[in-house]
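Structures are listed in the sections that come next.
You will see two complexes here that share chain A, one where it goes with chain B and one where it goes with chain C.
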Partner chain A sequence: MHMTGAAEQHKEEKRDITFRVFRFNPQVDIKPYFDDYTIPVERGITVLRALNYIKEHVDPTVSFRAFCQAGICGSCGMRVNGISKLACTTQVWEELDRCKEPGILKVEPLRNMPPIKDLIVDMDPLVDKMKHYMNWIDSSMPESEMGKKEFLVSEDEFLKYDKATDCILCASCVSECTILRAHKEYVSPAVLLKSYRMNVDSRDTIHDTRLAELVKDHGVWDCTHCYRCQETCVKSIPIMDAIHGIRENALEVRGTKDTSGAKHAEAFMDDIAKKGKLVEATLPFRTNGVLWTVKNLLPMAVKMIMKRRTPPPPPMVKPSKGIKAFREEFREMTEHVKDDQQSHNK
Partner chain B sequence: MKRYAYYLSCINESMTKELDRSIDLWQKDLDMELIKLHESTCCGGSNLEYVSPKHFALVNARNIAHAEKLGLDLVVSCNTCLMTIRTAKKKLDESPDLKREVNELLKKEGLEYKGTSEVRHLLWVLIEDVGLDVIKSKVKVPLKNFTIAPFYGCHILRPSTVLGKDNPLDPSSLDQLIEALGGTTIPYEHKNRCCGFHTLLVAEEESLNVAAEALAEAIESKADFIVTPCPLCHTVLDGYQAKALKQAHINASIPVLHLSEMVGLALGYTKKQLGIQRHIVC
Partner chain C sequence: MKPFDIVIVGGGGAGLYAAMEAMKTNPSLNIAVLSKVYPNRSHTSAAQGGANAALANKAKDDTVEMHIFDTIKGSDYLADQDAVDILCSEAPKIIRELDNIGTPWSRLDDNTIAQRPFGGAGRPRCCYCADKTGHTILQTLYEQCLKKGVFFFNEYFSLSLSVNNSRMRGLLAMNMKTGKIEAFPAKTVIFATGGYAKMYWNRSSNAAGNTGDGQAIAYRAGIPLKDMEFVQFHPTGLRKSGLLVTEGARGEGGYLVNKDGERFMARYAPEKMELGPRDLVSRSIETEILQDRGFDSPAGKYIHLDLTHLGAELIKSRLPQIREMSMNFEGVDPIEEPIPVRPTAHYSMGGIDTDNYGRTVMDGVYAAGECACVSVHGANRLGGNSLLDILVFGRIAGHTAAEEAGKFEPGVISPEEIKAKDEELRSFMQSSGHYERYGALREELGQTLALNVGIYREASKISRGMDELSLLKERFKKIRVFDSSDIFNTNLMQVLELQNMLDLAETVAAGALAREESRGSHTRNDFPTRDDEKWHKHTIATLDNGTVKLGQKPVTMGRYELQERTY
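Our next item is the complex of A and B:
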């Protein structure tokens, strides 16, 4: 019955819809609040057009950013019914199914960025991070030649960062990021995506400096693989591929011992090669050393051992069945990878 | 009796043994037989894919090939193993060259990756194959006195290009199972959020903040317990719970159950049989 009702509701061409808009002016208001605006909306109207209508006809004090109205400029990122997206490419009609209260669309500012007013957030921290991680090409072409000849890249190379260049810096991924929510210093997904794009560009000369910054605290190793950024991206960019790309490159260029993130990742490779199974009990000190492990995890380890969740040392892990043949295949694949690298270097 | 190949996740072989033990107790009750693949190896835990993409393809082609040899779907009960093995499968199915290269090596063991077996989460199998009505009919001790916070975790939902069963923005499968078992679910904002597991050893403070937020909402909602289909989420939300809540200055606690334990309780098994006393919070 409910389904029929919803379907009929959506057949209508015009109806009154309430926009519950987040309001906050830090200079005046002690805390944020919501204002409800009920306006007639026709099918085919976007959230941005509805907000424009409210600003023009109902309440001129409602503040939001917008420019191109066509999903290109990235200005109108905001949360509609809880999800970060562009107001200009979001159909009101399609949001009706996602309303928690029927007929009421909730419109809020992006998360993880300081509020300025209403739906406007401060993008400066994001811009500062872009600068901090040097997200530009420092060209290897001498200045005297610039503008006089083309600086070509191969198609293969371009394909590596083609998708990354689709980013319009709308900051939806930044708003949804788990780790940025947990720590505001975190590099954030849009910045990692841009860093990846710069670091795979052969015309660039500051790859190593940028990478050295990326592997520090609050950098690329702090991503927790939750995939919220990628799931939210308004341009469907596989952001996690870029983050994994930076990590792969960091392991290649800087080795497997320079950071806890690299050591942690390498432990998986080592354990699989040897036993086929992960030796979880020793992961903490292989990642962070014995001192850190004792200081940080000892009380918990004692509890874990008492509950038999983790074995008392030394931890024994039985190798997978058929490990001998598996090790052989694994070793042979290592040879394949070496061959690939050699032919790539040529 | 429907048969499946069952993938042995490293964590269920070590820290969360109670998860698989619970399944062993009730699988026959639901007319299922899960055949453990002792040959399977670690999937790479969402790390191997960037350490060495080719080894990543090899180990998971091999994991799936063992299920294919039995002519069965591969059932997984860890979210990250699920996402990881499905990611490898997608790569193998999309790249004939990679598939050929991997199969050349697997030949030594008499294995071949064909792409014929599906890789599925236990939760999906319970809903799609066993069916909620059948589950409902087998319930001996309905969970009617329990209010339950369903914590789905990330890798059963995202990336949806690899998972694609539940709506990643508003998942419902676990809620449906809870209701079939007679329990009541709470509206839980953190149901599709992250537990912080994958950075516990690299960015501990951040991870514990992430976990504390999820725990705090469940505690404030007065849920009796959290249930999760992922042993990694369980390890953070149970094992690291005291540490996370201390960091967030919250003085409370909440039990966290594995999906398999919740099913076991409703099918009439005791807490002791299900190994719930092995949890840190119980």
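Our next item is the complex of A and C:
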């Protein structure tokens, strides 16, 4: 098969493709706009390489971040055809099927973070949250003893945080998070993931302090359980396991004794139940539809309630259609919880 | 701005370890870390393999002494043996310290830190975290620095040292978010800006920003560089991007095949075939390409890394990342087609000349990591020794600067100096007579280097390369920054990086021309053997009236006598 001859092997498929790029330079622009760049693209080219081409050959003012160009550093998160992902690992040809207008790829900055210029957004709020939630190991080894001996860590423990340490802080999940759109203070999925990773590490000593912070306002109970973050994650990390993990842990530690976390969730749910608006604003547009939601998620949610005597987060729902049905289900479900909690309190 | 006790330039493994250690040494110090990217984006994150340390967890009979010997031999005897001693003796401590602060090392059955075999090492002593070692080390260090409250100046691009009468006063940097030049008056500065292998551009496995900024800044301030001609090539980079296809592909049984369908390694390493040492395989591939047995394409010549015979099952289970990479970056599924590859510039052995404590010749200026040359890698670094180098010497530099900061007066940087810098940068944006495009120059720089100062070198070619470099530098004077905005001007940043690469490329080429021998990564067709009598010496490059001046420095021996390097 190596003898097929050079000529045939290098025949590259090539075509003209338009990149509709979000432009905004706060120094001169009153509001954002889009620029269209039509360039020749061969098969095998990534969105980042196409952007590089545009910057080098067409318009050097187009601004975006990129560094490793290999999906490792997390610099190049942006929205391609509406979905947050890494430009450097996204094939242009694979995006063609996802274009709303045929042959036009839309490229926009990540959401939920302050814009800086064009495709560049401000990462500082995310770093501030990492600090706020103490996303580090506060070691049980005194500083003076460090380097002398290693901790013994079991395979089981390692596996608990192995996947979480894949996170490259690209903020794609942050950009897609439904709650963040409404509440900028919300802890955000990547920080929940990192917090979980620290909490299950036996070398750490500030588990309780971190958890106490996580169950406060804007913390783990605000999550709507919509799974957007996990579906988006560029490293396929099961972020929801981390979120569940923190919640379970919170209930274990304080659950029946101190229901502040549960109460908080309840209040939040109330809010949603009453002001259906919030649901529409914060719950994602889901293709699954209400039927799927009711069938697949509510039973699990109710199970969780029974088990933990706490209201689950509202499940996802397609906002325009079926919101009434959802509210109905939701009301019923909350009644359940209340009954359940009352009987427990007795 | 209030003067800093220590300004660290670079937030990779070396810079962050330095910051952490300096805070530990003296918590009352005022320490800043400047980085042109968020620290966790630094290229340290790309290191997959691991870091060497004779923990003897896996091979109970491993010793620090063996690690020292492997390193010295690997360096082709150009490493300073006292520095290697420090590197290897400190290694177990560093790896354990990282464990103590949360690095998620993979584990052996007895729950100790896992180790695996790595090229050039007599025992399996490479400590790893799956295939994300650098990434997890960098995360751990970043987390600890956030915990300790290190001041981070993220997305600040360092421009130059402020020096008056050989006294360092601090640093000038551009805040990318505002475009403003800001002064960082400082008692001490530590450079930790990573390597310069990106000057080979798309013939390099490095991140876009590994442009040797720190080395270039130091060089322009009169600080000597060492052994710049030594650049390590990895055999299998992807054709279009230069990105790395790790050794795993050949380890699992991949073939290297030329356009005649021949497994050509039979000619060069009949026994080891595809699994010969890195430099040998790189040279073999290059020979095939030079003798016209490679494939041709608009993106350059290449050969095939063929995995198709391994079958879909094995490729999917054992080489998923390699498959993903070749699909993402070449549009080729290795289950169906061979991967187009060629050697890629991977690591820079040379760098800012330092002593064993990270000190440079200039008071108050230190360097560590890939941007420094202590030297522990000599003419060729071993896999897994570079992460170790940045951690061990990052730590030492941080400690030394913290101890010595008190000796120096805080510098003062005048507004005039800032203004002059600002005007210098703005001149790139003026339109009259400025028309050269950065992309074209950069491309040509990479090509010239790969062709003339690449794997195989000889006097005539290197001289041609140097002529072309001078032309490129001439053309650079007419370069134009088309983006005139202050906010996040990546166009300007790229041009400044190109300027740094151009300056350093001259030192690489000059060193390569002068060194009339073959040693480690430096292969001269016209001088095919190692010449210890004349060249068992470090090359020192200093800037003298706008041109490279070369000198020499003896290699510190003391442990092992010179031997022929055979494997």
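Here, the second predicted complex is superposed on the first by the 244 of 346 C-alpha atoms of A that agree within 3 Å, B and C clash if a C-alpha of one lies under 4 Å from a C-alpha of the other, contacts with A are read in each partner's own complex, and residues count from 1 in each chain.
Here, contacts are C-beta pairs under 8 Å (C-beta built on N, C-alpha and C of every residue); 3 or more make two chains touch, one makes a residue touch a chain.
These figures come from a predicted structure and were not determined experimentally.
Once the two complexes are laid over each other on the shared chain, residue contacts for A:Arg98 go to chain B alone; chain C is not touched. Residue contacts after overlaying the shared chain place A:Ser202 against neither chain B nor chain C.
Once the two complexes are overlaid on the shared chain, A:Met240 sits against chain B while remaining clear of chain C. Looking at the shared chain after the overlay, A:His183 reaches chain B, while chain C stays out of its contact range. Look at A:Arg228: by the touch rule set out above, it reaches chain B but stays clear of chain C.
For chain B in complex with chain A, the residues that touch the partner chain are 10-11, 13-16, 38-42, 44-55, 58-59, 62, 80, 101, 105-106, 108-109, 154-155, 158-160, 168-170, 193-194, 196-199, 201-207, 209-210, 239-240, 242-243, 277-280.
Chain contact summary for the complex, chain A toward chain B: residues 83, 98, 178-179, 181-183, 186, 217-218, 221-228, 230-231, 238, 240, 244-245, 247-248, 251, 260-261, 264-266, 268-269, 271-272, 276-278, 280-281, 283-284, 287-288, 296, 300, 303-304, 307-311, 317, 320-322, 325-326, 328-330, 332-334, 336-337, 340. Per the touch definition, chain C reaches chain A in the complex via residues 24, 37-38, 40-43, 45-46, 55, 93-97, 99-102, 104-107, 109-113, 129-130, 132, 135-136, 139-140, 143-144, 146-147, 152, 154, 177, 207-209, 240-241, 243-244, 257, 259-261, 295-298, 304, 306, 308, 324-325, 327-332, 338, 437-439, 481-483, 485-491. Residue ranges of chain A in contact with chain C, taken from their complex: 1-3, 6, 9-10, 12, 25-28, 42-46, 49, 55-57, 60-61, 63-75, 88-89, 91, 93, 116-118, 120, 123-124, 127, 130-131, 134-139, 141, 143, 145-155, 158, 161-162, 165-166, 168-169, 198, 201, 203-204.
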